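Chains here go by letter, A, B and C, matching the order in which they are written, and residues are numbered from 1 within each.
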Amino acid sequence: MSRFILRRLGFLTLTVLLTSLLVFIVTQWLPGDVCRIILGREAGQGAIENCRLELGLDQSLPVQYLTWLGNFLTGDWGISFSTGLPIYPIVMDRLRNSLMLTLVALIISVPLAVALGVAAGLNENKPIDSTVSVGSLSVVGLPEFVTGLVLIQVFSFGLRDLGLPYLPANSSIPPQSTFLEALPMLILPALTAMLVLLAYISRLTRAGVLEELKQPYVRTADLKGLPRRNVIVKHVLRNALLPTITVIAISIGWLISGLVVIENVFNYPGLGRLMIFAIDRRDLPLLQAVIMVTVLGFALANLAADLLYGWLNPRIRLE
Amino acid sequence: MTSFPETNSIETGAAPSRWRRLSLVVRKLYSKPVTAIGTTITVIFILIAIFGPLIAPYGENEILASEARQPPSIDHWFGTDNLGRDVFSRVVLGAREILVLAGVGTILAVISGTIFGLLTGYRGGWFDEITMRTFDSLLALPALLLALLLLGTVGQSKYSILIVIIIVYTPIVARVVRSVVLAIKPQGFVEAARLGGESQSRILFREILPSVLPTLSVESALRFSYAIFLVASLGFLGVGVQPPSPNWGLMVKEARVYAGLVPWALFFPALAISLVVIGVNLMADGVKRIIGSQGQG
Amino acid sequence: MTNSSVLDIRDLTVAYHQDGQWLNAVHDVSLKIHAGETYGLVGESGSGKTTLVLAAMRYLGSGGSIRSGEIHLGDIDLMSLTEEELRQVWGRKIAFVPQNPQSSLNPSLRVGEQLVESINPQGELSPREAEKQALEWCAKVNLPDPERMAESYPHQISGGMQQRLLIAMALSTDPDLLILDEPTTNLDVTTQVVILDLLNDLIRENEAGVLYVTHNLGVIAQICDRVGVMYASEVVEEAPTHNLFSQPLHPYTQGLIDSIPQLGDTRESIQLRAISGQIPSIGKSPSGCVFRDRCPVAIEICSTRPPLYQVGESRTSRCHRWEEIVNSEIDIHQPSPGRKPTQSGDQDGPLTLETNDLSIHFPIRRSLNEVFSRQPSKSVKAVNQVDLGISPASTVGLVGESGSGKTTLARGIMGLEKKSDGSIELLQIPLPEKLFQRDLETLRLMQIVFQNPHEALNPYLPIGETLQRPLIRLAGLSNEEADIKVRELLELVRLSADYAGRLPSQLSGGEIQRVALARAFAANPELLILDEPISSLDVSVQAAILNLVNELQSDHHNSMLFISHDLSIVGYLADQIVVIYLGSLMEITGPEVLFQPPHHPYTEALLSAIPQADPNIKSSPIHLAGEIPNPADLPSGCPFHTRCPRYLGEICATTTPPWQVDQKTGKRIFCHIPLEELVANQIQIDISSAAKP
C-alpha cells in the first residue's frame, strides 16, 4: 500500500508540474509581450524595457518558469492587471464560495445518483431501469445554462407568480457570507449541478451493478443458499460500488466545468465567474492563478479518490 | 483449458459487402425507438445545417426595426428578438455555425487522436511515455477550463474554437485508441503480421485500425455531442464567439437580459441546443449498443 | 449401492429464448444418481452439459427456462419450490463446485468469511461455532496453516488452493448431492491429481451422490462409477464406466474415445480417427438422430428420432443400431485417415535450430524505495540456460505446466521476446536478437501457430487476404500467383476454395487453426513452432488437426517444435520429448522409452499424474508438495528441489545438477541422483494395454 501511495503521489506531482508548465507557456509565453499588454500600444520603448526588467522577462524561459512556480508555491500570486489588487486574497475568497457550492452539489447528488443506479441495475429492463436510462441520457445532454434557466423559470419566477415562497434567481452572495447565510442561494445552482452529476454517476453505477451480477462468484453465493438480500449486499454491491469512487472523482472534473457555466447563470461569485471576468479583461495573472488553483483542487480530489479506492480494495491494499 | 465453442458456420457465402453492412447498421439504429428518435433528430439538424439558407426566410442579422419583440406568428414562427431579428431564421442559420464548428473540430480531433493513439500504443517506449504524460497533463484540466485558458490567451475567433476542440479532444481520443491498440497488439494475428515481415504502416492501418474502428465510432459520436455542448457553452459565456453571431448559446445569453419581454427569443435557441445534443447522445448510445452486441457474437 | 436415488431427472427439456424462438439446450434427458455413487457426465463444449447441471439445481440465467420434465432431489420435488424454498435446498441438499475457482470467489471478502457463509448460510449457528468449523474444513482439504488461510483474500492464494476451498465450501453442509462442473479443467495435471484424490477421499466419507461434469475421458475413467455421454443436447448413451470403455454402444462415444491419443500412443503405433464434421450449434441439430450427419454407420432409419433403448440392466443407448453394435456386426469406428503418417525424411545433417545457454528474463521495475535502499534489480526468470536442438525434418515436443516458460521460449526463438543471454542459431547461422533486424528470408524460414484461435486471424480480413500476405511478402509471388497458391493452401488443409472469401467470424475454432496452419506453411518454412495449437479446441476436432500436422510435416519435411501441457499428445507426435520446469529443461527422451526408468523425478510425477482413459489402470500418482515457485525468486541449485519427492540433500539446494546420459535408453536427465539409483527405485508406468508398443 505504501508503494501505491508513493506512486500516486509521484504521479500527481508530475502531472501538476506538467500542467503548470502548460499554463505558464500559454499565459506567459504565447500571448507575446506581457508589458505591451499591460502598458498598451502607445507606451515608449523605455517604459517597456523597465517593465520587462521589473517582471524578470529579460531572463531565460526556464528561469522565468522556475521563478513563477516558486512565487506561486509561496503564495505570491502577483497583482491583478485589471483591478490592481493582490490576487491571492481574491482567489481564496472565491475558492471558498466555489467549494461551498461543490460540497452542497455533491452531498445531494452522490447518494441519490448511486441509489438510482443500483435500483436500475438490479431491475434491468424493467420500467424503473428504462426511466433512469432514458432520463439520464437526455439530461446528460442538456447544457447547464439550459437546465439552470429552466429551474429559475420554475422555482423562482414560477413560484413567485403563483404567490408562493420562491427561491432566489440571483445567487450573488455578499463577500464573507457564512455557509448558513449562503445556503438559500446555493440551492438552485446546486440543483442544476446535481442534474448533470446525477445522470453521469447513475449510468456508470448501473453498468457496474450489471457487470457484477454476471460474475461467477455471485452464482457461488446464490448456490450456498444465502438469502438474496445477503447476496446483493455482500457480494454484488460491495464489488459494484468500489469503482463508483473513481466515477465520482472523474465526475468532479465535469462538475468543475459545469460550475463555470452555472456560476455565470446565477451570478454566483465563485472561481468560475472570476475566470470569465479575467478572460473578459485579459487579466492573465488572475487567469493563471484561478486555473492553477482549480487544477490543484481537481488533482487532490483525484488523489483522495485513488487512495480511498486503494484502501478499500484488498487487491491493492495488500499488494 | 477453455474450449472453443464449435459453431456451425451457417452463413456460407462470401463476406457481406460494404453496402449490406451499412444498411444493416441503419436497420439496427431504427430497431429501438429511443435510438430511432435520436438518429432522426440528428439527421434533421444536419439537413437544416446544410440547407439552412434555403429554409430561413430572413438573414441572420437582418433587422426589421418595426417588427421588434413580436411574439411567434405566421410571419415569424419563433417571434422576433429585442432588435427585431427573426428568431426562426437565426436558429436555423445557427445550426450550420454550431454543427460545422463542432463537426469539423471533432473530425480533426478524431484523426489526430487516432494517429497518436496508434503510434503510442504500437511503438511504446519513450515516445509513448512522453506523449501520454503530456496528454495526462492536458487532461488534468477539465475540458471547458482548458478551452477557456486557450481562448483567454490565444485570442478569440471561430478558428481558435476549432483549434481548442482539437487540442481538448485529441488526448481523449488518443487514450481510447491507445487502449484498444494495447489489447490488439499482442494478439496472434498482429504478431503473425510482424513475423510475416509486414511494414509498420500496413500493420497499423490494415491489421490494427479496423479493430479500433468500432470503438472509435462510438467515441466520435460522443465527442461530437460534447463538442456541440462545448461550443454552445462557450457562446453562453461570451468567449470565442462575438455578437451578432447566431450561436445558440450566445443567443440565450443575449436574450436573458430581455427574458421578461421576449421569452421566445430565449426559449427557441435553448430548445434547439437541447434537442440536438439529446439527439446525438441517444444516437451515440445506440451505436454503442449495436457495436457491443456485435462484439459478443 | 442403495436403491434410493438422490437425484432423479425425468424427461427434462431446457431451452433458451433467442430471436423469437426457443432453442433446446437440453432435450429430453433423464438420469438418476444414487447415494454414494459418482456419476460422470461427459460431453464437449456446447453439448448442453453445463445447462443440464444448472437446470438440475433450477439455477438458470434469465434467458433459459425449463420447458418440461421433473426434477426430484430425494423426496423433494424441485419444480414445485418457490425461490425462497430453493434457497433452503441450495447449499444444504445440493452443493456446487464450479469450473473457474478464481472468478468464483468474491475478490473483496476474506476466504474465511466466504467459508463461514457456506457453513452457516441462514445464520443458525453461532459465529464462533461456524468459524471453528471453517478452520476444521480448511484442515480437511489440506490447506496449510488454516488460521492464516482464513485471513487471506482469494488473490493471495493459488488456483489449486482456491479450488480446495470451493470444495470445502460445497462439502461443509454435508449435502446429499454434490455437483462438480469441470472442477479441475483449468488446473495443471500435478495439481489436478491432488484435487481428484482429495475429492475421492471426501466423497467416500460423505456417502453423497456426485454428479461430475467433464470433457476429460481420463478423469471419468479414474473416478466415476457410471457415465452419461452427452451430445447436442441429448444423453446419447449411459453405462457403467467399465462397460463404456470396453464396448461403447453409440458411435459418438466410440469416436470420442478414438480421437484422443492415450499415454503411450505414438504416431507409428496408432492412428487417430477424427470425427468428421462439426458439433451442431445449439438448436441446429439434425432431425432424427442428432449424430447422424457425422456417423459412419448412419442409415435411413436414423432420420427418425431414436428412443432411449434399454440394453441389459444397466445400460441405455440412443442408437437405432445398438443390437448390431452389441453383436459386433457393424464397425462404428470413424474411418481411418487416408494414409499412415510415416517417419518423415532424413533426420541427419546439421541441426535446423540450436539454442545455447538461452535465457530470457523480464526485468521488474524497482520501486523508488528499492532504488534508495540499493536493492538489486529483480527479474522474472522465465527461461534459463536452455540448450535445445532440433534436427532436420524431426519433431521436438516441449512439455511443461503453466508457468514453465515453454511459450516464452518459443516466443524468444521467434524474436517476439528479447533474449537476455545465450545464442539462437537457425541452420547454423546466429539469429539477430530483434525481430526488425531479421531479413525477410530469415522470417520466411521460421513460422509459428499460436494457441488461441480467437486471436489467430484478423477478424476484418477475408481468409484469402490473410493467406496471400506471406506468399507475396515472404515467398515473393505476384498477386495472381498468390491467388492460385491460396487455393492450393486451402486444399492442403482440407478447406474448400470458397473459404478465401469468408471472414474469420464465419469459421469454427478448428477451421481457424487450419487456416493458421496454412498461413504458417505458405512460405514453406524450415522450422515451424506450434504453441498448444489444439488445447483450445474441442476433443472431437483435435484429432483432425493432429493428423493434419503429421501429414503436412511428412510431406514437407519441416522441423517442428510442438508445445503442449499434455504429455500424451507430445508423446504421440514427437520424435523427441523435452520436459521443462520453471524455465529449465529437466529431461530429454525419446517417446518409445518415455515409460521406462530412469525418469527425472519431475517427469515421473508428471507421468503418474495423468488420468488415463482406461478404468483398468489404477495409477498411484505422486503428489508434489507445495506450489510452483515464483520465477522471480528462482530456487538455487536444482530448480525442482523445493518440491522434489526424491530430494537427496543439501547438494540439490546448492549445486546446479549435471546432465546425465543413460546409456540404455539414451535419455538425458538433469539431476544429481545417480541414474542407477533412479532405475532401482522407479517402476515402469502402467499404460493402457492397447497402447503398448
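The rule is simple: contacts are C-beta pairs under 8 Å (C-beta built on N, C-alpha and C of every residue); 3 or more make two chains touch, one makes a residue touch a chain.
Predicted model, so just to flag it, every value in this text is computed and none were measured.
*Asks:* Pick the chain whose C-alpha centre of mass, unweighted, sits closest to the average of all protein C-alpha coordinates shown.
*Replies:* Nearest to the common C-alpha centre lies chain C.
*Asks:* A-C versus A-B: which has more C-beta pairs touching?
*Replies:* If we tally the contacting C-beta pairs, A-B comes out ahead.
*Asks:* If you average the CA atoms of chain B and of chain C, how many Å lie between those two points?
*Replies:* Measuring from centre to centre gives 48 Å for this pair.
*Asks:* What is the distance in Å between the mean C-alpha positions of chain A and chain B?
*Replies:* Whole-Å distance between the two chain centres: 23.
*Asks:* List the centre-to-centre spacing of chain A and chain C in whole Å, with centres computed as mean CA coordinates.
*Replies:* 52
*Asks:* Mark out which residues of chain B touch at least two other chains, giving numbers and ranges.
*Replies:* Chain B, residues with two or more chain partners: not present.
*Asks:* If we count contacts the way the header does, which residues on chain A are in touch with chain C in the complex?
*Replies:* Those residues of chain A that touch chain C are 2-3, 6-7, 10, 215-217, 219-228, 230, 234-235, 238-239, 242, 313-315, 318.
*Asks:* So in the complex, which bits of chain B are touching chain C?
*Replies:* Against chain C, chain B makes touches at 1-15, 187-189, 191-198, 206-207, 210-211.
*Asks:* Which part of chain C faces chain B closely enough to touch in the complex?
*Replies:* 44-46, 185-186, 215, 278-281, 284, 414-416, 435, 440, 443-444, 446-448, 450, 452-462, 466, 469-470, 473-474, 498, 501-503, 506-511, 516, 519, 535-538, 541, 565
*Asks:* Please output the residues of chain A touching chain B within their complex, sorted ascending.
*Replies:* Residue list for chain A touching chain B: 14-16, 18-19, 21-23, 26-27, 30-31, 134, 137-138, 140-146, 149, 253-254, 256-257, 260-261, 264, 275-276, 278-280, 282, 284, 287, 291, 294-295, 298-299.
*Asks:* Within the complex, which stretch of chain C touches chain A?
*Replies:* Contact set of chain C toward chain A: 57, 59, 83, 87-92, 94-96, 98, 100, 103-109, 117-118, 121-122, 153, 155-156, 166, 169, 173, 367-369.
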